[in-house]
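What follows is a group of structures, each given as structure tokens.
Each of the next two complexes has chain A plus one more chain, namely chain B in the first and chain C in the second.
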Partner chain A sequence: MKIAITSNGKELNSNVDPRFGRCSYFVIYDTESKSHEFFENPNKNAENGAGPASVQFVADKGVSKIVSGEFGMKIKSLLDSLKIQMIVIKDPVKTIQDIIDMLNK
Partner chain B sequence: MNPPVVKGFKPYGQQYDLKKSEPVIILFEEYESVKLCDYEMLNHISACEIMGVSRPTFTRIYASARQKIATALAEGRQISIEGGRVAFDKDWYLCQDCKCYFNNPDMDMEIRKCPLCKSENFKFIGQSTVKETSPDTDEELCVCPLCGYSIKHMQGKPCKDNVCPECKVPLKRNNLL
Partner chain C sequence: MEVEKLVNKTIKIAIASGKGGTGKTLIATSMFYAIQENFKNSVLVDCDAEEPNSVLFFKANLQRSVEVVQKVPVIDTDKCTFCGKCHDYCAYNAIFIIPPSRIIKVIEELCHGCGACSVACEYDAITEKDMEVGRVNVFVSNEGFNIIEARMKNGVMTPVPVIKAAHKYTVDKQVVIMDSPPGTSCPFIQTVVEADYVILVTEPTPFGLSDLKQSVNTLKTMNKNYGVIINRAGLGDKKIFDYLKSEDIDLLAEIPFDKEIAVLYSNGNIVAAHNDKIKILFANLFESILERYGNSSN
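For the complex of A and B:
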């Protein structure tokens, strides 16, 4: 199963980016192969529509869950129809490694 | 429903000192009833179907909303929109261990554990409770920044108007410390 995590940087000790649509990087973590991959978010500086475009971007990678700090208002219905689960973290000081450790528990 | 765009309204240009008056608290469902009826111009029957309540209940909510708005206008009081029994357009769960919120997009499958930390200690918060907005859950306090002395915060009354009896310094809101 693939899980997308929004990240501030492209290292495992980067913090989780609290925004979804305009986050700096996406980490795609594969729970089966335990591998991760960083992708720069092409919509980081988008004027509008960053949320739906980012949904498109991660959905193309085949994720079934997204971990982020906050999702915009256009996102919920899109993700519902794609059956992608949202996980909202209210604690912004978690690193990508923390999240991966939690997912592996 | 979607949450209101603001948390409340404040009067301006008071003719005399109204500072002592308490704000009028309008519940989310009351706000929604007025929005549906008087902004979207729906009749009571379609509005009560959208809100998922019976026709008589809707009328009661709507009447109470108008009564409160009229009170605020007539007495020049603040309006605060909060609380009530509402479900926003989302079904959310809260994990008690890792404090994350998550939803269940695949309604056919029951959620057994938190998708993040695998804890089974989570609760459903999507219906009949308000996400982080219920007036009682997060008690607001005026706290002394030096000794920690605290009293219950009165809405509409700035914390700094209270002085700590021990340290004689103005108090601050607990969530700002």
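For the complex of A and C:
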């Protein structure tokens, strides 16, 4: 299963970016192969509709879950129809490695 | 000034500002009130469609309320080949598409109604439907004053179509006073583009000056005539006066930073209705603008 995590930087010790649509990077983590890949978010500075465009970006990568701090209101119905689960992290000082460890528990 | 000379002249004046809260509505309502004796065939248009409030200052009754609509695309998923061209054409991220999953959706809140997606589609899969984006409300006050309000629907992307629609209801009026939205972006442009003259309201503070410069630069590119009213004069510093002098911009009036004015306004009063000095100031200012910048109708 592939999971998208929003990240402030492109290292495993980077913090989770609290914003979904306008996060700096996405980490796509594969729970089977235990591999990960960083992608710069092309919609970071979008004038309009960063949320839906970011859903499209990660859905194209085949994720079934997204981990972030906050999701905008326009994307809830999109994620529902794509059957992608939102996981909200309330603690912004968690690193990407922390999240991956939690996913593997 | 001889009013007789001015009866055949028409004018549209926008009251605008870069910075919010400088006193646009105070000045728009007061000027509109002050000209009623001589210019009955006039209308106040509240173009601040995101939160219109000018009508609150009058005892006014709603005469009619007209829906304003915008076109949004409807995608026929039977005809759609999921080629993605409509998505590429959309500048507002309003089309969501995942070709492998054969998912395509229109995010109506993001759509500006430009129609580019319909042009892009080669498979006749896109038609258009109407979506309400706001209303134009037409009021007449107990004294017979005409007030028009552009009011956008909550959550809609832009107030521009509603402001555009409101302008259509002013055609038979000699004098149109527009209360503009703040800032220098599309809603401001859509308001001042109609104006023969723009009054920029500012205050003598660093924010007031910084935003005034932006407004002036925008109006210059639009080739508009404009002048400046400094509200809350006496506050802040002199830099704004230096700027006006160096740019050779007309200083139309100074409204003092005065407790009586603030109390009147915050109680929902039109300042000119209770303060003769202000009333005379605006009546005279209006007539001098009409004389210089009005259009001769015959």
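Points to keep in mind about this one:
In this text, the second predicted complex is superposed on the first by the 105 of 105 C-alpha atoms of A that agree within 3 Å, B and C clash if a C-alpha of one lies under 4 Å from a C-alpha of the other, contacts with A are read in each partner's own complex, and residues count from 1 in each chain.
One rule holds in what follows: a contact is a pair of C-beta atoms (placed from the backbone, for glycine too) under 8 Å apart; a residue touches a chain by one contact, two chains touch by 3 or more.
Not measured: the values here are computed from a predicted model.
With both complexes brought onto chain A, simultaneous placement of chain B and chain C is permitted, the two fitting side by side without a clash.
When the two complexes are laid over each other on chain A, the CA centres of chain B and chain C sit 60 degrees apart as seen from the CA centre of chain A, to the nearest 10. Legend: residue contacts after superposition of the two complexes on their common chain; A:52 is shown touching chain C, with no touch to chain B. Among chain B and chain C, the chain that touches a larger number of residues in chain A is B. Contact with chain C, but none with chain B, is seen for A:74 once the two complexes are overlaid on the shared chain. Put simply, chain B and chain C get as close as 7 Å, counting only Cα atoms, in the superposed view.
Chain A uses residues 82 to touch chain B in one structure and chain C in the other. Chain A makes touch with chain C in their complex at residues 43, 46-50, 52-53, 55-56, 59-60, 74, 78, 81-82. Within the complex, the chain A residues that touch chain B are 65, 67, 73, 76, 79-80, 82-91, 99, 102-103, 105. Within the complex, the chain C residues that touch chain A are 91-94, 96-98, 100-101, 103, 105, 107, 109-110, 157. Chain B contributes residues 2, 89-90, 98-106, 115-118 to its touches with chain A in the complex.
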